[in-house]
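In the two complexes below, subunit A is the common chain; its partner is subunit B in one and subunit C in the other.
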Partner chain A sequence: MKIEINFYGQLTDKTGCSSFLMDNPGTIADFKKLVIEQYPNLSNAKFTIALNNKIALDNEVIPENAKLALMPPFSGG
Partner chain B sequence: MKEFILRYQRQITLEGFGMEAQDKLTKAKVLVIGAGGLGCPILQYLAAAGVGHIGIADNDTVSYSNLNRQIFFGQEDIGKFKVDIAALRIHALNNLVKTTIYKQRWDQALSIEHFPSYDIIVDATDNFSSRYLINDACVLLDKPLVFGAVSKYEGQIAVFNKMQDGQQKSNGLPVNYRDLFPEPPKSDEVLNCAEGGVLGVLPGTIGVMQATEVIKLISGVGETLANQLLTYNALTNNFFKVQLIKNDKANSLMPNTIDSFMQTNYEQLCN
Partner chain C sequence: MQLKNIFTEGAITANFIADSIAKHATKTEIGGHNIFLGQVRADQIEDKLVVAIDYTSHVDMALEKMHEIREAIFTKYPLTCMHIHHSLGIVKAGEICLFVFTSSKHRKAAIDACTECVESIKAELPIWGKEIFEGEGYQWKENK
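Our next item is the complex of A and B:
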């Protein structure tokens, strides 16, 4: 089963896309490793991950059909 | 009194709002840090709504590149201090509102001196060092913080350091900006508005939403974004709301005494 990943803010400049689907990697920590492998530009970016609309901890297990959001800080005003 | 009733009649009439909420607004003291793209609409709507005392902090002067979004200012204001123009416009809009202006760049000492006399602090700044400084001061001094920030076509809004109504602090601490992003990005990691651009109406949208959160916090009407982050995308009309949680890393990175706060170099932290 696939999970859906959405990028926010300037992360889309680093990935070149706003969303993609991937096979469920297991935990949030596993996901982080894989997403940086797939998009190396993310390795020096700060972002927080939300799992199904809640901030996720590294050891959380990703359920099937989950939606992940990668959100960077915005500074502008 | 007649003018007061007439001026606020449309909101006093609202079911669930009434004179009780209006009185709370009249008695409230709100500090808006940053009188730019976010600050202009925040100040305008808080003044129009009748917030009794508004603090305005900004050390900048008006320039042409401000005019696509900073709607308090006109061409004739180029070169003048933003806080001076903002205070003039507020008095023209609503002379029942008292204003205090701060013409300095906001720093730790100003936070320690002035935050205690305000009910709510509003972050309408445009840089990470100010955002982390203001957040840390609000945590230390236990002040609710209404946060807003923009990037190109997207904006973020949140209410930090405040429990949702009905929730007690014994059920967990309120979250703050560092729970979301424990460490500031370095200056070359995230483009600011000058580098990356910003759609002029976007800080208007986000600023109006921040003003809405302030009015809800004061009046007690509705649900606020306490412990939540709302992201808005002007290109797709997508609103995305996320529940925030405490982050163990945040506490270890935050100054936990006034002394350590005063000694933190926020400029260096973000460079």
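Our next item is the complex of A and C:
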């Protein structure tokens, strides 16, 4: 089962895309490692990860059909 | 559950704000309103001038988070009502991009709740501003 990944804000400049699909890697920590391998420009970027609209911790297991969001520091208002 | 939408495409107009104030005339238990308006600033960054901000958001998450913030503020302060509007897309310098409007029986609750709500919006909602320079180029906004 694929999971959906979306990039937001300045991260889209670093990845050159706003979303992609990947095989479920297991945990958030596993995902982080893979996404930085795939998009090396992210290695020095500041971001938090949301799993199905909630901020996720490294040890969380990614469920099937999950939506992950990589979000740089917020700058609304 | 239907989450309240806070997003408006483009700037929030003075007419919209005036209408919103007028709608409260029937709520005669209110004794004080507090309004915060965020306006796009024409910052000068080195030799470049900001002419607009282009806002994007992780909308679903922002609306869920806003719902939580709203619930927490209503629990903490005796408010009659609270309205929040934030722009998406292009807002030019001098135009309004954020409108927070709180009302209560006595002024203190409205004032304190409004301030807390604005701080929470800036810190917790997944929204990003891209500052567009005159001519060409941009930089991503950072909240201070």
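Note that the second predicted complex is superposed on the first by the 73 of 77 C-alpha atoms of A that agree within 3 Å, B and C clash if a C-alpha of one lies under 4 Å from a C-alpha of the other, contacts with A are read in each partner's own complex, and residues count from 1 in each chain.
Following the convention adopted for this analysis, contacts are C-beta pairs under 8 Å (C-beta built on N, C-alpha and C of every residue); 3 or more make two chains touch, one makes a residue touch a chain.
Just so we're clear, the structure is a prediction, and the values are computed from it rather than from any experiment.
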First, second, both or neither for A:G77, with subunit B first and subunit C second: both
Contacts of A:G16 with subunit B and subunit C, given as first, second, both or neither: neither
Partner chain(s) touched by A:A45 [first = subunit B, second = subunit C, both, neither]: first
Per-residue touch tally on subunit A - higher for subunit B or for subunit C: B
Set intersection of subunit A contacts, subunit C complex versus subunit B complex: 6, 8-10, 50, 53-54, 69, 71-77
Subunit A contact footprint on subunit B (complex, rising order): 34, 36-39, 123-128, 131, 148-152, 154-156, 179-181, 183-185, 189-193, 196, 198, 203, 229, 231, 233, 240-245, 247
Footprint of subunit B on subunit A - complex, ascending: 6, 8-10, 44-46, 48, 50, 53-55, 57, 69, 71-77
Contact set on subunit A toward subunit C in their complex: 6, 8-10, 13, 50, 53-54, 69, 71-77
Footprint of subunit A on subunit C - complex, ascending: 38, 55-58, 60-61, 64, 86, 97-98, 118, 121-130, 140-143
